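Have a look at this one.
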Amino acid sequence: MNLPDVQSQPDLRQIPIPAVGIAPVEVPIRFGDGRAPASASVGLFTDLAPDVKGTHMSRMVELIMAWRREPVTAATLFALLDETRSRLGARTARVSVAFRHFVEKGAPVTGKAALVPYDVELLAGVEDDERQLGWRLGAVVTTLCPCSEAISDYGAHNQRGTLSVATAFRDTRELPLVDGFLEQLEQLGSCPLYTLLKRPDEKWVTEAAYRTPKFVEDVLRDAVLWLQAQPEIGWFAVKVSNDESIHPHNAVAYYDRALVDPQWTRPALFWWDHRL
Amino acid sequence: MNLPDVQSQPDLRQIPIPAVGIAPVEVPIRFGDGRAPASASVGLFTDLAPDVKGTHMSRMVELIMAWRREPVTAATLFALLDETRSRLGARTARVSVAFRHFVEKGAPVTGKAALVPYDVELLAGVEDDERQLGWRLGAVVTTLCPCSEAISDYGAHNQRGTLSVATAFRDTRELPLVDGFLEQLEQLGSCPLYTLLKRPDEKWVTEAAYRTPKFVEDVLRDAVLWLQAQPEIGWFAVKVSNDESIHPHNAVAYYDRALVDPQWTRPALFWWDHRL
Amino acid sequence: MNLPDVQSQPDLRQIPIPAVGIAPVEVPIRFGDGRAPASASVGLFTDLAPDVKGTHMSRMVELIMAWRREPVTAATLFALLDETRSRLGARTARVSVAFRHFVEKGAPVTGKAALVPYDVELLAGVEDDERQLGWRLGAVVTTLCPCSEAISDYGAHNQRGTLSVATAFRDTRELPLVDGFLEQLEQLGSCPLYTLLKRPDEKWVTEAAYRTPKFVEDVLRDAVLWLQAQPEIGWFAVKVSNDESIHPHNAVAYYDRALVDPQWTRPALFWWDHRL
Amino acid sequence: MNLPDVQSQPDLRQIPIPAVGIAPVEVPIRFGDGRAPASASVGLFTDLAPDVKGTHMSRMVELIMAWRREPVTAATLFALLDETRSRLGARTARVSVAFRHFVEKGAPVTGKAALVPYDVELLAGVEDDERQLGWRLGAVVTTLCPCSEAISDYGAHNQRGTLSVATAFRDTRELPLVDGFLEQLEQLGSCPLYTLLKRPDEKWVTEAAYRTPKFVEDVLRDAVLWLQAQPEIGWFAVKVSNDESIHPHNAVAYYDRALVDPQWTRPALFWWDHRL
């Protein structure tokens, strides 16, 4: 059976396509460190030359299905991208891998351990000889309002706040350990969240938050200070969003290194920010 | 052009279908009280006899498009259902109309007014001579943890909690005023939410919540007590879900009058609970 | 440090609570069959006596964290529920475990294999001596419209349809194999979906769907016939929802065995349908 | 009562914040053209100087509540932004207004009319003397696969595709008419969607899609050609995402004028793309 290859037909419109591909492709992924596999959502994209009608998406599926058997590392992410470019005849390739990441955390007083879930998205892109590598991390924290505390005779409103950080790494050969990053980030709220807290722990987190009131602006700035001090981090952006317990809307603060310092640019090869 | 009516063909499987229809059909709706129109999501369903292959969904679209020009009342909801049965040759019809409802609320001290949004879903169903009418309302409130307050030297964790109530009315001739219901319900948390709060208001709500600590169980029970005391309400269910500010998961409590008191049954003609 | 146990205080409102607990608690879970672990969302609930102020949710976290190390089976689900009742002094307990399930499926012509993701939710409940066990499965299928095919000179509109099935098992000692169920269910659309299709496979699925036109009503009825024929299944409900490719809204059909045949009742101990 | 103004305290970290504010603030909005009001989600943000601890979010609520009484136009959006800068002492302000937009559309053969819903988000920003104005529009269309059609003896898989377009306008004094834009955009799929189709219409759309097969790449390129030809449009980005009816994942294509032509830059004052 000889079936025509419609995708390979010439295209006369002469419009180059920066990114075309498939998402979300859901697969279990595994890590090299004995950590439990995770269910991941993968996006894989290449550019398409102006004179070609369509890409071959089934090849991308094959590439993801082979890749997911390897441990997830910077090396295997870039190997996937290079093989994708080669199989698709592309100059550019982008991949994102989003999953739930679990960290075992001991309660602050009793030390009782339980898993805390975090959202992690790995991001990598290649164009000619350029390589970009980074991630998007989300840590949920307690935030306690400094204004509410200062003006009230007792109590202070507090709530869940989400601290989201996206970074590009200067060195693309290795991904830093995500657990260490998350541990640092969640210290920047009024108090970290815990899945398991017994009564002495609940007393501890309640009082710790009350002693550490922070606006979204405070969490954002402390995150910026910490991120600026990490030598391995190049570009980064931070968003803090508080699910205000006294309002039906959220308080949000945003920082993008590229908006503030012309030395930095947003990584154009990360897929995550191409959402409309 | 004579096009075959495939839907009207006989069906040999002899399986009656309790509900078949269309959702979400998005339309602007209007009210009779001068209130601003809202963007609504409508679901419309009928039963289908065991010997008919398919229903005629385009008629349902026409019915919704005509209905949405009328003010939304119990009478127009049931008129829609009766006409739907008639046009589709059905014995049963169900409708749900979900929209964002706005109430102007003054801040507790300064009195400054702003709109607060609520989720409302109207529910109506008919089967033979039986009529069922009710709604699902969601009020977001502050909840402050009694345990945290009792064990801590200062402060207490608090957060957004969602109080969801579904009710069936004894009398199906008229929908009660939704604003009055919402006003009562949101008194049952530790404090209502406000869109606009100036500093004296923020002090007030912070202290009010601290003086009114409530578990999800407390909010649930107070809602049950209040709902039991309303003579117009028959069956009801309540769910309270706290976005715990110290945990990544929620605390949830649920009450269904039909689970506790055999005198009541869940309204089988409401579409909302047929979700899988 | 002697911290008061506020939850154990007496409650004077005398309102029994059918279900109170925590959700979603996210944890990795594992299976006994060598299958890759999955990231799961767990809900765990007990009843609460009318004279007790609050439940002890931190115990539920501890129970989930211990349970998730065991392989997921009917036996370990009920062991979790029994221990939960014991630790919380409850008469009733409910658990739900939702996760992404992967099945390796070969393409219909080339046989090339790739993983297909499915949504699965395990459901179990106990009350006194009664045990209920079941699941909610979601299979996404192609549906092709019989009317469009019959009236058009060429082509027929088709789309993704979601076939959702909830079942209670007559025998609560063992969970049937989920893969076999999913394989049967997805035969009931116009054609199953595949993650990987090469050109000969794409030709095959296109033509298979065109030869098997089905309304939502057809998929629903075929699912009902199949489910009725399974001796291990008691109560069940089915929903089919088509993401109509010619409309902005969906076509939906629903069947609940309890609505059609008084011999069956909805399992009151499943948590999933207590959503408001 | 003299309550301290914590937000106005000095901040020693010296980190300027590009955007801080509130979202989503839900309000009904109205238009000047007799069109029905809509329920909108508003985000409002300003920059914050490096030496100030926090912004005053309650002023932003007041500004939104006053603004929403005016008809939504370019002039009232910029008046809101200018007043926001003035009230908050800011150099920069950004606003986004997302709502459901309804267009009455006649079926292609019978001409029967019904409303079709679209997602619209208005975007405006000011910094010093610079003004940026644009929108994000989403049109859902039918897409029919050219490969499936070419290789199959009969039929062709088709599905819902979402065509999302974000644009910045060269002239910020007036917003173009959104209806005309949507009408043009949805011509770029294999066929537009309709809420209401009678049998002759369904035949028409089925055959029209079959005669107009398009990959995501085709829809994207046709959108790019059309957008390039509009003199009022400066920067734009387009995303097409197909809910593939034969796969569980989507096919996605993306174009950003700034990625392809160095003459253009992404509008840094639009809030929508600052999502992490």
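In this document, chain identifiers A, B, C and D correspond to the written order of the chains, with residue numbering beginning at 1 in each.
Everything that follows uses one rule, which is that a contact is a pair of C-beta atoms (placed from the backbone, for glycine too) under 8 Å apart; a residue touches a chain by one contact, two chains touch by 3 or more.
Quick caveat, the model's predicted, so the values are computed rather than measured.
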item	value
Between the pairs A-B and B-C, the one where more C-beta pairs touch	B-C
For subunit B paired with subunit C, centre-to-centre distance based on mean C-alpha positions, whole Å	24
Centre-of-Cα separation between subunit C and subunit A, whole angstrom	29
Centroid distance [mean C-alpha coordinates] between subunit B and subunit A, Å	35
Multi-partner residues of subunit C (at least 2 other chains)	3, 25-26, 117, 147, 151, 195, 197, 199, 203, 247-249
Arrangement of touching chains [line / ring / star / complete / other]	complete
In the complex with subunit A, residue positions of subunit B that touch it	116-117, 140, 142, 144, 147-148, 151-160, 191, 193-195, 197, 199, 202-203, 205-207, 209-210, 243-249
Contacting residues of subunit C [partner subunit A, same complex]	1, 3, 5, 25-28, 30, 36-39, 58, 61-62, 65, 99-100, 102, 112-115, 117, 195-200, 203
Footprint of subunit B on subunit C - complex, ascending	3-4, 6-7, 11, 13, 15-26, 43, 45, 48, 53-55, 57, 136, 138, 146-147, 150-151, 164-166, 215-218, 220-222, 224-225, 237-239, 247-256, 259-260, 268, 273-276
